[in-house]
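Multiple structures follow.
Look at the two complexes coming up: chain A is in both, with chain B in one and chain C in the other.
For the complex of A and B:
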């Protein structure tokens, strides 16, 4: 999966955040809409799309969307 | 010695006996001299449970209750039971909008549908003795809900409602059906729920006035519900959670 595809899927887990706010460098935990529910959605999406179990610790260790993408790709 | 909680020579089936609460219940009721039929899919882990049990009349049953052929074969091999503890269960943590059809099917099949099919066949084949006791392991999540846990909560809510309706039906044969709703008992079922994270464990720890539970805390309630001491108890839902849902 390409980074751009991942960003699209990542953005789909949000309901109210403008699409153009999602870039590789977006510090996603700073987004107003970021919450534990969105985090669970991201974990579910990664499970579904990558067949990989993303942990809360891995999510905490990533700051930008690209960092998260790299973590998932390296699992 | 006066012991209203004796399970001596009672034949009791425990599902989900290869890990967690089910494993603890199988071990503890064997120490109360029950003849325990331990059931799960994984033979290796069932043998581990078996090795920790007491008595020489315990039986290992390997079957996948979600597989109809397995289930029907199992019913044929079981004796008439005095009790059954239904512990087999899985957790699927996902927000409603991320739920997949496969997840719905898997969790409902494991947590409620296979239990209904099992009890249906046990009754039809007259494999539950007069006065038998059925114990479901439910969850406080039936009423204490968390985001991402809708599937699990709804399966356990179904368990509670099913147990009450069945309790009414089987009362003529003096059979009893009850549920236990445990709070947080650390076990492998939680590994896949994202709940093993330290920060989440800490959150739960702060909210359990008596600390986390152990499988024996739940097994002791099962001993009561399986024994003749609870002959007048049916359709009841016991919350056993170290005070978790008090506030």
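For the complex of A and C:
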């Protein structure tokens, strides 16, 4: 999966955040809408799209969307 | 893979008992009405039946009440019960085993194998697998599997992730050795202890004995405060583990026993929280009408959720016709199990209160 595709899927887990706020460098935990519930949706999306288990610790360790993408790709 | 396939064992009955005392989540003081509404929407938990944890109602009391009624409805003689398994994380004492206490208090024959199994949410499937395996030997004829928890005891009022979620319940399932007329039971288990810190009461065991620091309330941010004798749950880690492993473990079981989803009457999903349950239901691929819920009334009662759900939602069908019921559970450990049992007109008294 390309980074761009991942960003689109990542953005789909949010309801009210503008699409153009999602870039590789977006510090996603700073977004107003970020919450523990959105975190669970991201984990669920990664499971579905990559068939990989993204742990809570891995999610905590990533700051930008690109960092998160690299973590998943390296698994 | 860790499969158990049990034959020559018949499921005779199931009963459950909850504390009559109710806690309404809408009455919680540390969140706004709007926040509570959102919490209820996400987790599904509106109210919970909780004991007052002063020793007046323990898990064993709930299980005992359910068991006395079931034994009487089944017209079982207590001298015939050769196996008593008590599955819980809330035992009467650190020692002796609560199963021994129950044997005496209930007047079950001394010629009985009785022991505790310390497991939480996965407890029902583990207890059924263990008891079924022992009964298959054919020398013990009747068994009680008691599964319950009063773990609201471990929840800090200042930890909404736990406090608004946990309810108490005790259940009992009666099993009988029967070569002619048995109900197939199949289970698949998975254990990953690397997740042990994700759901834990850190102090009070032998690893971290109780000390003065155990009682100090620590601030974990986000309004969450608890001490080290209370339960911590990292909900994100539990979710991550569950969403990845539960559907896989369940599929392995279905493949192993060559069962199609269409031939399953119900899939009972451990009532952890509605958000997780719905994700699991969709990923496993069952329609809503085959996956009942009672989490709104009882919360997460740990190992008791599956048998409690059978009593509250499936009583009429359990009593009147043959059923093929699948189950999935995941929780503290991490310990995970999938199961498929067949039942045929079992005894199922109304839910009891204590």
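Just so we're on the same page, the second predicted complex is superposed on the first by the 75 of 75 C-alpha atoms of A that agree within 3 Å, B and C clash if a C-alpha of one lies under 4 Å from a C-alpha of the other, contacts with A are read in each partner's own complex, and residues count from 1 in each chain.
Keep this in mind: contacts are C-beta pairs under 8 Å (C-beta built on N, C-alpha and C of every residue); 3 or more make two chains touch, one makes a residue touch a chain.
Just so it is clear, the structure is predicted and the values come from calculations on it, not from any experiment.
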| item | value |
| --- | --- |
| Chain B versus chain C as contact partner of A:71, first or second or both or neither | neither |
| Which of chain B and chain C A:3 touches, first, second, both or neither | neither |
| Contacts of A:40 with chain B and chain C, given as first, second, both or neither | both |
| Which of chain B and chain C A:11 touches, first, second, both or neither | neither |
| Intersection of the chain A residues that touch chain B with those that touch chain C | 36-37, 40, 43-44, 47-48, 53, 55-57 |
| Chain B-touching residues of chain A, taken from the complex the two chains share | 13, 36-37, 40-41, 43-45, 47-48, 53, 55-57 |
| Sites on chain C touched by chain A in the complex | 42, 234-237, 239-241, 243-245, 275-276, 279, 283 |
| Complex interface listing, chain A residues touching chain C | 36-37, 39-40, 43-44, 47-48, 52-57, 59 |
| Of chain B, residues touching chain A in the complex | 93-95, 97-98, 100, 147-148, 192, 194, 197, 199-200 |
